[in-house]
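Order of writing sets the labels: A, B, C, D and E. Residues in every chain begin at 1.
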Amino acid sequence: MTGSALLFYVFGALALASAVLVVTGKNAIASAVYLVVAFFNLAGLYVLLEAHFLAASQILVYAGAITVLILFVIMLLDVSQLVRLQGSRNAIARSLGIVLAGLFAILLASQLAPGEVGFPEKLPEGFGTVESIGDLLFDRYLLAFELVSVLLLAAIVAAVAIAHREGESTP
Amino acid sequence: MNDLHLFAIYPQITLGLGALLVLGEGLVFGKNRHGLFLITTLVAATFSLAFTILSWKTTANAFAGAVILDPTVSALLAIVSVCTLLGALCSPAYANRHGFEPANYYTLLLFSACGMAFLVSSNDLAMAFVSLETLSVCVYALTGYRTRQDASTEGAVKYFLLGAFATGFLLYGISFLYGATGSTNFSEIATRFAAGNMGPESKFAVIGVGLLLVGLSFKVGAVPFHMWVPDVYQGAPTPITAFMSVAVKASAFGFLVRLLPHTLMGLSDSWVPILSALALLTMIGGNLLALAQRNLKRLLAYSSVAHAGYLLLGVASASKLPDQADAAILYYLLVYSFMNVGAFAVLLTLNSPARERNNLSDLAGLSESHPLLAALLSLFMLALAGIPPTGGFTAKFYLFGAALRAGYTTLAVLGILSSVIGAFYYLRVVVALYMESPTRPVSNDPAASAMAPRGLALAFAVLLCAVLSVELGLQSLPGLGIFPSYLEGLTDFLVATR
Amino acid sequence: MHEASQIQAQWLLLLPLLPLIGFAVNGGAVLLGRSLPEKRAAAIACSLVLGSALLATAAFLRVLGADEPIHLVADGWHWIAAGRLDLPILLVVDRLSGLFIMVICWIGLLIHIYSAGYMHGDPGFGRFFAYLNLFMFSMLVLVLGGSLPILFVGWEGVGLCSYLLIGFWYEHLPNAQAGKKAFVVNRIGDFGFLLGMFVLFWAAWKAGAPSLEIQSLSQFIDEISVQSVTLLGVPVRLPTLAAFLLFIGACGKSAQIPLYVWLPDAMAGPTPVSALIHAATMVTAGVYLTARLHFVYAASPVVMTIVACVGAATALMAATIALVQNDIKKVLAYSTVSQLGFMFLGVGAGAPAAGVFHVYTHAFFKACLFLGSGSVMHALANNTDVRIMGGLRKKMPHTWLTFGIATIAIAGVPGFSGFFSKDEILWKVWSSHTLFVPPIVPGHEALTHLLPPLLWSVACVAAFCTAFYMGRVFLLTFHGKSRTPHDIEHHIHESPASMTGVLWTLAIGSILAGYVGVPHFLGGHNRIEGWLGAVLGAVHGEESATIVHEGSAEALLAGLSSLIGIGGLALAWFFYIAKPEIPGKIAGAFQSTYRVLSNKYYVDEFYEAVFVTPVRKFSEAALWKVADVQLIDGLVRGAGRASQAVGRAFARIENGFASSYAAAMLLGAVLVAGYLALR
Amino acid sequence: MSVGLHHYLLLSALLFVVGTVGVITRRNAIVVLMSIELMLNGVNLSLAAFSRYWGDGSGHALVIFSIAVAAAEAAVGLALLIAVFRNRQSVDLEDLNLLKG
Amino acid sequence: MPVLSIILFLPSVTAVAILLFGRGESGASIARALALLGSAAAFLLSLTLWAGFDAATAQMQFAEAFRWLPSWGISYRLGVDGMSLLYVILTTFLTPIVVLAGFSAVERRVPLYMASLLFLETGMLGAFLATDLVLFYIFWEAMLIPMYLLIGVWGGERRIYAAVKFFLYTMAGSVLMLLAIVALAYLHYESSGEISFNLAHLLRTSIAYENQRWLFGAFAFAFAIKVPLFPLHTWLPDAHVEAPTGGSVILAGVLLKLGTYGLVRFAFPLFPAAAVTFAPWLSLLAVIGVIYGALVALVQPDIKKLVAYSSVSHLGFCVLGICAFTPEALEGALYQGLNHGLSTGALFLLVGVLYERRHTREIAQFGGLAKVIPLYAAALVAVSLSSIALPGTNGFVGEFLILLGTFTGNVPKTTYMAAGAALGVILGAVYMLWTVQRVLFGPVTHAVNEKLPDLTKREQFYLAPVLVLIFIMGVVPGPFLKTFKASTKEFLDRFSKTAVLASLPEADASGRAQVSQILSKWKEDSRSEVASADSASK
């Protein structure tokens, strides 16, 4: 087992474990923290995949921005413990959901498992670097990239419109 | 870059710039210049429509193949522009009444329209993904725009959470499609699949198609991915319901048509059966579910699910005869826009600050107090039911015609029978309007609101929808197999004088 | 079959048209709410009928004057023309129809005149005459119709008039019910008539001459009679089928078993109506039809035999019922049924001429009897129960005398018209060669030989009963002590001259009418038989050689039948005048028989219980409430309800929880993935 | 044995499914949002793996877009949750069933 | 001059005018006057059609056509031939009468009522006149809306149930027909390379047996619902009972005829091989309907329901006549359609008169009316006589021809069918006369009825033409029957053995074999007729 393989299993196991903890965590803050852990491990996996820029973005945006935002809202609303875990009125759908998720996992895995496909040894020059990604974003994905700015602007407007109380003067 | 072909995205740019303009106006002139924002929006939508028409028969491939322009895209762009126009026209009275902050409202409306316009013209997975999210994010926000109303925010949260959930599937599908082909460009993907003899990737393609179908089924509201539809339609502010019931549907179907029959034709063995099953479930499920509804918005929501089913049948047919089925789908979407917005617009006309009249029982006896509105609402209902001589009939005729032609006889039979169930609940509305006596005294304010200046916009929307709902039934000359021929003539005229 | 020469006579169209004008005038006036004054209404009606009568006489004389049978023909527009069928309006007078129109018009005229007195003061006077005229029209169309559908027009027309006239006093519900019953029972017969007509047309078409014209049918009868089809696996000759079906029609119109039940009830109508329609003319239409289509019947001896048997059975059955009825009109009604049975017996025995002869004589004496009874009712405030009559002889001498003459005539006392015709029938039955039992019946040969004497004896018993009950009625009504309640009694008066005059005319007719058919053995030439025989196929024509030879037998039988008639009357005298206590004793001794007879064999009750009630119950309970509402419509409504229920059930899954929605989406995803993975 | 595409894909699938389980089972809307982020991350991993497989940067670009989208969605979603919270003092999804049927 | 289009749209234009001008205080009177004018004008115009009609040809006359949706092969195409001429006139004839009848019967929302009637007239006329299948379908379906309103707005207690049932029932049948129309056009396209919905073109298409059967099934299903053929009739009693008088008259008078008309115009000629296959079954249903309808009518306590079931019975005769493939029966069936329109229409008008006075339709509520309202009684008796097909009335001509033609027809077992249907002649008399007796005769059982006013002048005015026609058509049916001849001949020519086989493509060997097998069971002696038709056509 090569080093990278070992790292894959370590990062993978940690990511998966923290993901499970996110989902099962009793406390929203704990979940958020586990989420960060998962993100870091994923960043590690990105590195293994030669996606260095992605790894950086992952940490900056996901772990840095999004999770912080989520934590911030949790604190703001003080809803970390708010949700009772017992007495669900929709237990059937939940348990059914778990079964279905299991089925889905099995089906997905059954399609993916057989037949090992390896990675090519050789990678093009500059794969995963900022430059190469930048080239793509400003050439091939220029329009999409520009559209992302629209998206983000729209999201800001939306967030302001919704969260800003004065948005609606009289009911 | 020589192959930018910027003209191909003039409509999209117009819509986006319009949004920025409204935003800027809000900053400059203050946030309550409702009329200004409305006019800006209308102008943007109109220009977008005009640009679409000007480049009507043009085919282009712009931004390194990220977007394309062809007749189908033009038609979809026109539909999106028209829907935006109608949505904006429906808005002012309602927005005023509920004290919406107009600048952000119209900004979001235009941004979502921009997203839709990009979605229907995108020729690249990344492009499609981003534009889809752009429109979704805006529509989530618009759904929850009545922030003080429980229903609105609840609908928005459900929409958002489930939408994001679906986005996960969609993106996963995109990922597998990319994994199967190594490309995100539709043309390249299509070429790859058409070439056949793929290696281990072929399995990825199938997985990708399945996941994409899941994600898109959510967006178009196919059974069993439809469950958000009634809650969101009911919760959303009515103008937004009107807008998204047609615009989101049109753009999502535009994308579906672009993706499945055009791009993934090589995989039709995988998706056609699924799509057929979805179509069947959706047609029957939507109609059956609508039967139990008493709230008109909810009823129309389920009805829109049913219509999605018919359209899905069209998409399935497009696997066999793309041209004819595409035309039928586009025609259907166009007609559907008018008749559905029309129905919502009438509801909006009936709303008053005191009371929203969204229940069937609220409509009782309306034909005596508001004969014209009752007649128009009945017209839209009959159109939705597909009764000639309305556009609803013609649209169904083309669509089921295409399905039959493509060999989906059983589906067509079951679908059209389910439309008989559909007729029942549309007729329920007519029953309430004409055959029941009012349960509560009818207040007079709707008439008053119709007289107000901003009510004028709404009245215009209603009349426009009514005229076109009928016109498309009677005239409906598909030039390009898509649009009435005089529209074609108009385009020629404009192009000639340019 | 000789080819009768045809003579165009468009004026024949006037014959039915005149009464139709009368109907239009009187009916129109009534409808417009301005009924004509009685005198004028009656004058119009009577004069138009007189016109018809004169025309009829002219036509009859024309036919009579010709040595060979001739056809006077009038035709009008093409009534129905479609496909193979072309039905022009066509009226024909030949010897048969000539005789009939004479009877119809003249007796009709007499009854019109009689009615003018009888209906005096009735608020529906104008309406009554309108109906009567309409009847005259229909009856004339029936008789003159040169093709079966035209005949059918008259056939149904008289049915309609009968319906309208029976229910003339519709405020009294039983009258209306009786009218409806008459129409409906007739319709059952019409069902047969229609089908019979179709069969004939079918046969004619197969024979290459698709037509329903009687003349054309008779021309091609040889080709037609060989046509056959397989019905339910049995080969059937079409003429046999047609004859049978048409006989069902005749049974309806002429009140034969099993369709006679309407006629007694029909007495609910005004008495002139009973006389005209339900005695003299309409009810004989069945006989007329059978005679008219004698060539079809001649081609199907089995049906002939059935006709004869039914006729005999009806004659006997009705006569026995008449024995014990106390309603004077009911007795006359059953008597009519019985006499009609005789006519059919004659026709069925292969002697249509004899049957028609009886129709002709019967018209006189039965009309006379009815009108006489009408006269009595007129005097007794419309009472018809013989038990409250008696001793009217003195107070109503004209009525008494005419009624008596008619009674003697119907009883078959020699010298009176009834004797000649009835005796003729009895003789023809006795000597019949056409009665034939089909080979499928075991012992058919013996039966075939046995049938004539058997039918003859049945007829004799019936004739005896006839004489007896007629004597009974006559005696109970006019002789003995008056049993009339006092309040009515002092009203009793002889009827006005317009009525008695008619009675006398008919009474004289009842005596003299028979002399056109004096049999050979009495030195007569039986002219009517020969005369009619020429057009009615002269079934016995070739027997002229044997007439002399069999003359003695005929005379013997005639003597017997005279004895029967006189004996019956004498017995009645003995029972009701000499020993009036005997009938009660007999009734007491044979209580059950008496009850059965006075309840008319419970046939009405039987029909009610077996057909009417079950059909109604079945229709209501099974067809409507179960099959229609619950089963067929239930399926429809069930589909609707099921859709709604399913919709509601699914709507319940839509429970508002985002997790459910997500689960549903995941379910969809699993299904999609499952399909893709497992396909 | 070397770690290949399939390993990454399986891992990404597991992450995705864990996310879906979270979406369905959790009642706290914020946790649901986090679960969705997990799903998206699972997808991102597969994209990166495919990118590595093809030696092509498009996958990376897609991940970038995905991250941006996730950010935008989080912003709007959290804003909506705040609005809901203001109305009902709850972000329990089981309280959000005014609309149903 | 596009006279057909003028007749067709004149009522609609009037309806629009009514909606525009029929407002305010005098709206009702304006609406009434306009409606009467418009419908009467349409009637007079339609008479010119008859005047200019050439009975010698089976061609579409007064034909109009322009390409409407060329890329879909849909054209606006109108024409009349012998099969439709009299039905067009029946429609235009009944509408003014119904308008008149509605003068007093309808007090609420008069303009809407009149407009609905007139729109309905356009719908019905369009369905009779259209010779393009899509155009036909449009009118066929559009017609439902005004009828739906007529029942639902001005109907009785359960009007909504009845209206919705009527609409959905009919629609369920017709949507399948729509699919069949489209499929037919595609089959035509495949064989000829041009897309067309023109009836004349489609009639020339040869269609495989299998397809013929399916398509015929869809067409026949739609039409059978409209007829209504047993067991698809259950919408009719509800619709009739609940509809206002005018609605019932139009429904019985014209709408049902569209069912039989559709069979002879479309379903049978388009798919001859399927028609000969299914005709015996259709006749069986028709005969069941004749008897069943009559029996159920017998026990109805509600007079309108009774008439409704009687319609099931009468229309059974029509279908029977169509399925016999003889000229007599077919002409009889067409004629019977007209008769039923008049007599049942008149019956409903008369029931409406009573309803207006007493607001009940229960037979038990009446009795002895003949004395109180003699004129009415006379009219009711006359109409009943037509209904029970007394010779001298129109009803007889129709039933006689149908029964005669069916009895001697070619189709196996047709003789039994005719014999069974002839039972309906008896039953018809039973229920009709029983009803007449219960309503008119006997003593006056309810004191309220003592003072009923007799027919008013207006009522007399609109009833008189119907009554007069009933007798004219009974006595002089010639001019009416004459118009059918050429078209019926053309129709029947399509059902000669060779023609039926020619409707199947050469390649469809098994289909041809099956159809030959079926045709061989037809009565041998009918060949003479068929053979002569064949030789004549060659």
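Keep in mind that, in the parts below, contacts are C-beta pairs under 8 Å (C-beta built on N, C-alpha and C of every residue); 3 or more make two chains touch, one makes a residue touch a chain.
Model, not experiment: these values are computed from the prediction.
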Chain C to chain D, fewest steps along touching chains: 1
Intersection of the contact lists for chain A and chain C: B, D
Most widely separated chain from chain B, with each centre as the mean of CA atoms: C
Among all chain pairs, the one with the most C-beta contacts: A-D
Central subunit by CA centre of mass proxy: E
Greatest separation from chain E - chain, by CA centre: A
Distance from the mean Cα position of chain E to that of chain C, given in whole angstrom: 37
Centroid distance [mean C-alpha coordinates] between chain B and chain A, Å: 30
Distance between the centres, which are taken as Cα means, of chain C and chain B, whole angstrom: 78
Where chain A and chain E are represented by their mean Cα positions, the distance between them in whole Å: 69
Chain E, residues touching no fewer than two other chains: 168
For chain D, residues contacting two or more additional chains: 9, 16, 19-20, 23-25, 27, 32-33, 49, 53, 56, 58, 61, 65, 68-69, 72-73, 76, 79-81, 83, 86, 93-94, 96-101
Multi-chain contact residues (two or more partners), chain C: 640, 651, 654-660, 662-663, 666-667, 669, 673, 676
Listing of all chain pairs that touch each other, if any do: A-B, A-C, A-D, B-C, B-D, B-E, C-D, C-E
Interfacial residue positions of chain A with respect to chain C in the complex: 89-90, 93-94, 96-97, 100-101, 103-104, 107-108, 110-111
Residues of chain D that touch chain A when the two form their complex: 1-11, 13-22, 24-28, 30-31, 33-35, 37-38, 41, 44-45, 48-49, 51-53, 55-58, 60-61, 63-65, 67-76, 78-83, 85-86, 90-92, 94
Footprint of chain A on chain B - complex, ascending: 1, 9, 16, 19, 23, 62-64, 66-67, 98-101, 104-105, 107-108, 111-112, 114-115, 118, 124, 126-127, 129-131, 133-134, 137-138, 140-141, 144-149, 156, 200, 203, 206-207
Complex contact set, residues of chain D against chain C: 20, 23-25, 27, 32, 93-94, 96-101
Residues of chain C defined as touching chain A within the complex: 655, 657, 659-660, 662-663, 666-667, 669-670, 673-674, 676-677
